[in-house]
Structures are given as structure tokens and as C-alpha cells.
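Each of the two complexes below includes subunit A, the first together with subunit B, the second together with subunit C.
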Partner chain A sequence: MSVVNSSQTERRIVFLILLVAVALPLIFPIGWKTGVTNYTKMVWELVESTPDSSVVIFSFDYDPSTMTELQPMAEAMLDHAFSRHQKVLVTALWPQGMQMADQAIKVVKAYHPDITYGQDYVFMGYKVAGIVAIQAMGKDMEQVFPADQSGTKYKDIPMLREVKTLKDVAYVNSLSSGTPGIKEWVMAARDVYHTPVTGGTTAVSAPGLIPYVNSQKQLYGLLGGLKAASEYETLINRVGSATVKMDAQSVAHLLILLFIAAGNIKALRARKRRAS
Partner chain B sequence: MSHFMSVLGLWMSVFFTFSIFSFLYKDNPFYKLAEQIFVGLSAAYWLVYLFYSIMLPNLFTKLISDFRGNIILLIPAVLGLMMLMRIIPKTQWLSRFPIAIMIGTSAGISMVRYAKSDLLSQISATMINPFAGETTSIVIGNFLLIIGTICGVYYFYFSKKQEGISAVPSKIGIWFLMISFGASFGYTVMARVSLLIGRLEFLLKDWLHIIN
Partner chain C sequence: MKRNLPLFFAFFCGILVIVSEFIPHRPFSMLIDTLQNWFMIISGFAIILGQISLFQSNLSKIKQKESGWIFYLAGLLSFCLMLIVGLLWGTQETGGIFGHGLKLQASLGAKPFDYLFDFAYMPLSATMFSLLAFFIASAAYRAFIIRSFESNLLMITAVIVILGRTSFGGMLTAWVPESYKFWQLPNLSDFIMEFPNSAAQRAIMISAALGIIGSSLRIILGIERSYLGSDK
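Let's turn to the complex of A and B:
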């Protein structure tokens, strides 16, 4: 019984130390730099190389539960797209995605006060049916989006006049934390209609999506978790929320490594004691 | 009034955050209360949200505004009602029809897409010239991709007992699998720490105003 109590107490101490270790860098930022990985650079290059005035899709396929990781990506990528004068069609395959999009646009508007609704970006709302909706976009965008969120008809939205199908879109950027999300965009938009797809996802989902970043270019790079969001902010020379949070993330990782080492040393000692 | 509501909302968020974190100490009534309110609120929220964002614009509004033009919508409406028949034991057999249609349709759509994206394209992506990379690290990466894929797949070949020389690729395959599981675990730790950072940011920024 005493062993159980001791291990429970240790567990609580670990949680407490982790809590303090994460809180301190948030209060007193260290300012550690983040190196940029190839997958993040690929995403940046796709946005950077897309011509001005191109219409692009930003799909907000997540909800508040994962906004810590995905919202900084959304803000950084929107910032980049608007700085390249791209026209952003905002949609969502998750019901609460449009609320996330609204928050992100409000933040980005501080950097781009000139962007106008209908000319530079448009909210087309949440779409049900995931992959079926994407497939339908490949045939007729107006059928999937008869009107924007405020009720303006598709044909009356200036930035969408030349956009008939998914093929008229320069790229799709899906910020996704599950299904439907990046995978569905790859399957329907990239592999059927050959529209380039890029995106960002939570760290948990990243390993499952990395195989799509391959020689077939099913996915143009991938932002995985808070670190990738911070890398993207580095590429666009912006100190955003991800960069600030990465100090806490790095300290937590170091601490977890120390705990793993300490746990292994303790286990080895216990094994030796039992053997002797 | 709106200021009062936002302050109340903030304090409720703080209360529920601490209630959920209190589970790390031990199971307790505050955690249970927060957990059950979360489940109840989520169910109610989704019911209302899905009714207004899916049922109303896609079914009821269309039927009310132009019944004749949208008469085909009665088919999914009836299928939806049949699904609800599961609630009554005597009529629950009716729900099998919409479930069968859903599974059949999903399988039909997914089969083609998965075969193209997850099988053919993935195989094509592995059939590369390993020497085609611009830098040494890309060439090494190409070799690792090819060896890792072949050996990883070979590990799951159970039709013949793997012993002697035929067990070597299998052993290499399990190394690749273990390294990929380790990487996945690392990513998972990063995601969980991110969630903690998100909550602490809320407490330190929105509640205590310690950080900007």
C-alpha cells in the first residue's frame, strides 16, 4: 500500500514541476530560436510562389479543443496569403471551424487593415459531408456554395467570378485536427482534380499525414503542431503566439527528458537491489 | 449586462479548468461535476447547432420555400426518421435500412478514393530512383524510405515462418516500426504539452492578466 502511495505522490510532484516549468517561460520569455524544417518550408514556398490575385481555399477543419496548436498556423498563413495579395475563400468541414476562421481574420486584419470582405476574402460557411462536398466542388463550386454566410449569392461575390470549379483554385490549405480534414482534401481535391493541397495539423495527427508529403506531391509540406507554427512565423518574420509558446514547449520537453532519464536510473537501481 | 456575462463566463471557465486539473491530484466531486456538465452541454450544444446549421437550411427551409422543387429531400428526411426508430424497441428494425444505405454509400465512395490515395499513390511514391536526390541527405533519405517500406511490410508477412536469412528483413522492419512509434509518441507528448500551454495561457493572460 505504501508503494502505491509513494508512486502517487511522485506522480503529483511530477505534475506540479511540469506545471511550474511550463508557466515560468510564459511569464518570463526566454526567446529561444526555432530552426525551420523542410516540411514547413515547402508549405511556405507554395504560398510564396502562388501568383498575386489567385483564389485560394482556407479550410478550417478544427474546433476550439485544438486551437492552441492550429490557430497560430491559421493566423500566420492568412497573414502570408494576404501579404501576397491572394484572395481567400474561407470554408470549414467542421461545424465550429467558421468561428475559428472569424477569430483568425480579426487578428490578421490588424496587419492588413486594407483587406475587404468579398474582394480579398469571403466566408462561405460550414459544409457537411466532408469528402462528398469536396468532390462536388470539383464539378461546380456554385452548387456547393450557393451563397456566402451573409446570404450574398455566389455569382455576386467579386473575387469568385472566375472560379467555377476546384481547378480554378491555386491551392487548398486545410487546417485540420481530424476527420474530415487534410486527408479528405488530398483524396478528393489533389488526387482527383490535381489542385495542390497543403495544410497544418495537430502534433498527434502529423505522423499519420507525413506519408502524403512524398514524390507524388499529394501534400505540399505539412505543419505539425506548435513547433511548425512557430517555424512558419519565423519564415514570415513575425513574432506570433506560437513563437512565444515555444519557450514553454521546449522547457517542458527538456524536463520530460530529465524525468525519463531519472525514471530509468531509478528502475535500474531497483533492479540491482532486487538482484543483490 | 454583457460585461457581467463575460466576467461570469471567465470565472466559470477558470472554475472548470481547475476542476478538470484537480483530477491530477485524485478523483473528486469537482472533477465529476465538470465532466458531467461538459458531456451534457456538448450534447445539447451539438443538437441545437446541427439543427440550425444542417437540418434547417438543407431540409426544412427548402421544403417550406419550394416543396415541389425539393420533393426529393423527403427521401433523406424519411431515412432520418427511420434512424430515430431505434429508440422504440418494436420499431428498431427500421433503422437497419438507413444504416445499410449509409455504410454502403460510404464504402463505395471511400473504396475508390482510398485505393487511389493510400495504395496506388503511396506505392508510386516509394518507387523512386534513390540516387536522384540533390544532396547526400536526400539520397540517404530515399534509401531509408525504400528499405523501411519493404522491410516494414515484410514484417507483416506471416505465410512463411521467418527464420535464418529470411528473418533479417523482418528484424530491420521492426526497427523502423519502433522508431516510427517513438516519433509518434514524441509528437503526442508535444500535443499534450501544447494543450497545457493553452490552458495556462488562458489562466495567466485572460484571468490573471500577468502576461500580454
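Let's turn to the complex of A and C:
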């Protein structure tokens, strides 16, 4: 019984220390600098090198559970795309994606008050059927998106007049935390219609997508987790939420390493005690 | 008939999709377009089916007062609340039965659905995911113990990747000269992710793809029938 109690107490101590360690850097930012990795640079270069007035797709394939990591990416990438005067078609393969998109646009509008709905961005809504919807976009965009969220017909949206299929889109940016998401965009948009695909995902999902960042450029770079979002903010000279949250994440990671070390010391002492 | 007809449809559609990949011309291209449209329509209806199923299963658990029925009740009430406010006043740019609810929007600052989404669902959902950090910290303390060569290797890799993914990791090895920059923690971490990790991920992907081909063929050929439900 005492062993169980001691284990419970240890757990609570671990939780409490972590809570304090995460909260403190959020209240008193440390300001640690983040170096930029190649994968983030590749994403930035794709957005940077895309000509002005190109139509691009931002697909919000996540829900609020992963917003801590993905929302800063969405805001930073939207900011960059609008600063390059790109026209953003906003869609979602996840039901709650459009709500996330709406929030991201609201934040970015503070930096770009001149952007107008229908001219610079458009909300085309949530699309069911995942990869099949993307395949259909490759044949006829209007069939997949007959109207935008407010009911305006596809052909009446000024920025989409020249966009008939996925081939007319400069790149697709999928911010995804699972299926359907980046993988489906790579398989259906990049591999079949050769539309460049880039994106961001949670740190925990990034290892599974890294094989797609290869010499064939199935994926143009990848933003993996909060660190990559913070790197992107560095590249566009913006101190956004990722940069602020990165201190807390760094401290939490360090603390987890300390916990691992403490756990090992404890196990070693127990082993020695048993041996003696 | 009840079993054979779905089996025939699965076989016919499956073969058609495979053939169209190799012959992307008429009539196959047209048939595939139609099938894609059907799939999107059916997927839309599947959402409604899912909601009905969710409602029924929760309701039966509440009626039978199963253990934790109060949580099912909370789930059901939340579901009904979101459904009702969404139907009455719509979400975002889409209006509902009562239009856009301009008076409500003026007092709440948003449509009722969006208000609940932003200030109830979103923080709750993000909190649930964030709780993982606490469990990971606790698990790391208790389970990440060096016991063998393999666990030692795993530990070293984990330490490099964890440190390499923090701002602190970069600062820790910033003193390493440019000619040895491979040994800087972020670069070491990138190396692990790019090569050993990618190799293992590719092996998993190829194995999974072969598995998917195998199970798809079993469904198309009618060997795997569990998707049809029970015989009763």
C-alpha cells in the first residue's frame, strides 16, 4: 500500500513541477533563439518563390486538439502568402478545419487589413471524402466546390475565374494532424497532377511524413511541431505565438530529460540495494 | 440476395477502379468520375448516419443507466445544444433557420455556435491534448529506464532528438566549430530524423501498403466479408 502511495505522490510531484516549468516561461519569456532547419527553409522558399497573384490552396486538416502546434503555422504561412500577394483558397478535409481557418484569418487580418474576401481569399468549406475529393479537384474544381461558404457560386468568385483544376493552383499547403491530410494531398495532388504540396504537422506526426521530403519533392519541406512554426516566424521576421510558446516547450523538454535521469538514478539505487 | 448483391457491387467497383488506373480513357474515366461523385455524396450521408448512431447508442446507455451514464448524458446534451444553435442561427457565413441572429451576435460577439466552439469546445479540446504532456513526463520518469543495450540506444537517441528539437539544444552546442557542425545537436537530431528514421518509416510504409493491397483484394474478391456485418 505504501508503495502505491509513494508512486502516486511522485506522480503528483512530477505533474506539479511540469505545470510550474511550463507556466513560468509563458509568464516571463526567456527569449531563446531558434535556428532555422532545412525543412522549414524549403517551405518558406516555396511560398517566397511563388509568383504574385497566384492562387494557392490552404487546407486546414486539423481540429482544436492540435491547435497549439498548428495554428501558429497557419497564421505565419497565411501572413507570408498574403505579403506575397497570393490568393488563398481556404478549404478543410476535417469538419472543424474551417473554424480554425476563420480564426487564423482573423489574426492575420491585423497585419494585412487591406485583404478582401473573394479577391484575396475565399472560404470554400469542409469537404468530405478526403482523397477522393482531392482527386475530383484534379478534374474539375467547380464540381467539388460549387459555391463558397456564403453561397456565392464558384464562377462568380473573382479570384477563382482562371482556376479550373488543381493544375491551375501554384501550391497546396496542408496543415494536418492525421488522416485525411498531407499524405492524401501528396498522393492525389502532387503524384497525379504534379501540383507542389507543402505543409505542417504536429511534432509527433512529423517522422511519418519525412520520407515524402525527398529528391522527387513529393513534399516541399515540412513544418514539424511548434519549433518549426517558430522557425517560420523567424524567417518572416514576426514574433508570433510559436516564438513565445517555444520557451515553455524547451523548458518542458529539458525537464523531461531531468525526469528520465532522476528515474534512472532511482532505478540504479534500487538495483544496488537489491544486490546487496 | 442480401449478401450477394453487396459482394457483387464491391467486386464490380473494385475491379473498375483498378482497371481505370491502367486504362484512363473512356468509358472507364467517365465511370470513375461517377463513382467518385457517388463516394462524396455517400460520405456526406455517412456523417448523418454517424450522428444518428451516436445519438441512439448514447440514449440507450442513459436509459439502461450503464456505469458512467452521466457522462453519456453530458455528451448527448452538448451534442443537442450545438446541433440546435447551429440549425437555428448557422455557423460562420452560413445562416440558419432564423437567419444570422444579428441581435445574438451583437450581445455574444459571435453566432451562438461559433461562440460555443471558440470558448467551450476549443479550450476543452486543446486541454485534453495538452494533458498528454503530463502523462509523458510521468511515464518518462518511471518507464525510461536503462536495462539493456537496446534501451540504452533508445535513450541516447531520444536525448539527442529531444534536445535537438529545443531552442536550448542549439545554444548548448553553438560553440562547436563550423567544420564540425554535424555534431551540433540540431544537426544530429536532423540526421537521425532524415536517415535512420526515414529508412524505418519507409519500411513500415511499404509493409503497410502491401498489407492494404492484400486486404483490398480480399474484399474485392469476396473473401473478407466482415464489412457486411453479421449473418443475422
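We take it that the second predicted complex is superposed on the first by the 276 of 276 C-alpha atoms of A that agree within 3 Å, B and C clash if a C-alpha of one lies under 4 Å from a C-alpha of the other, contacts with A are read in each partner's own complex, and residues count from 1 in each chain.
As a working rule, a residue touches a chain if its C-beta (ideal position, glycine included) is under 8 Å from a C-beta of that chain, and two chains touch if they have at least 3 such contacts.
Bear in mind the structure is a predicted one, so any value in this text is a computation, not a measurement.
A.B. asks: Once the two structures are overlaid on subunit A, check if subunit B and subunit C clash or fit side by side.
C.D. replies: clash
A.B. asks: Quick check on the superposed pair: does A:A203 touch subunit B, subunit C, both, or neither? Answer first, second, both or neither.
C.D. replies: both
A.B. asks: In the superposed arrangement, which partner chain does A:L254 touch: subunit B (first), subunit C (second), both, or neither?
C.D. replies: A:L254 contacts subunit C only, not subunit B.
A.B. asks: For A:P158, is the partner it touches subunit B (first), subunit C (second), both, or none of the two (neither)?
C.D. replies: Neither partner.
A.B. asks: Have a look at where A:V186 lands relative to subunit B and subunit C in the superposition and call it first, second, both or neither.
C.D. replies: So A:V186 only meets subunit B here.
A.B. asks: Please determine whether it is subunit B or subunit C that touches the greater number of subunit A residues.
C.D. replies: Partner touching more subunit A residues in the overlay: C.
A.B. asks: Of the two partner chains, subunit B (first) and subunit C (second), which one does A:A23 touch, if any: first, second, both, or neither?
C.D. replies: first
A.B. asks: So, A:V132: does it touch subunit B (first), subunit C (second), both, or neither?
C.D. replies: In the superposed model, A:V132 contacts both subunit B and subunit C.
A.B. asks: Looking at A:G225 after the superposition, I want to know if it touches subunit B, subunit C, both of them or none. Which is it: first, second, both, neither?
C.D. replies: Both subunit B and subunit C are touched by A:G225.
A.B. asks: Where does A:Q149 make contact in the superposed view: on subunit B (first), on subunit C (second), on both, or on neither?
C.D. replies: A:Q149: touches subunit C, not subunit B.
A.B. asks: What is the contact status of A:M67 with respect to subunit B (first) and subunit C (second): first, second, both, or neither?
C.D. replies: After superposition on chain A, A:M67 lies in contact with both partners, subunit B and subunit C.
A.B. asks: Subunit C clashes with which stretch of subunit B: 37-45, 127-135 or 163-171?
C.D. replies: Superposition on chain A puts subunit C right on top of 37-45.
A.B. asks: Indicate the residue numbers of subunit A shared between its subunit B interface and its subunit C interface, in ascending order.
C.D. replies: Correct list for subunit A: 15, 18-19, 22, 67-68, 95-96, 128, 132, 135, 203, 206-207, 211, 225, 227, 249, 252-253, 256.
A.B. asks: Using the touch definition up top, name the residues of subunit A that touch subunit B in the complex.
C.D. replies: It comes out as residues 8, 12, 15, 18-19, 22-23, 26-27, 67-69, 95-96, 126, 128, 131-132, 135, 183, 186-188, 191-192, 202-204, 206-207, 211-212, 214-216, 218, 224-227, 245, 248-249, 252-253, 256.
A.B. asks: Flag every residue of subunit B that touches subunit A in the complex, lowest number first.
C.D. replies: 24-26, 46, 49-50, 53-54, 58, 109-110, 113-114, 116-117, 121-122, 124-125, 128, 180, 183-184, 187-191, 193-198, 200-201, 204, 210-211
A.B. asks: Tell me, which parts of subunit C touch subunit A in their complex?
C.D. replies: 33, 36-37, 39-40, 43-44, 46-47, 91-94, 114, 117-118, 121-123, 125-126, 128-130, 133-134, 136-138, 140-146, 155, 158-159, 162-163, 165-168, 170-171, 186, 190, 193-194, 197-198, 201-202, 205
A.B. asks: Write out the stretch or stretches of subunit A touching subunit C in their complex.
C.D. replies: Subunit A residues touching subunit C: 7, 10-11, 14-15, 18-19, 22, 32-35, 37-38, 63-68, 95-96, 98-99, 102-103, 123, 127-129, 132-133, 135-136, 139, 143-144, 148-151, 203, 206-208, 210-211, 225, 227, 230, 246-247, 249-257, 259-260, 262-264, 267.
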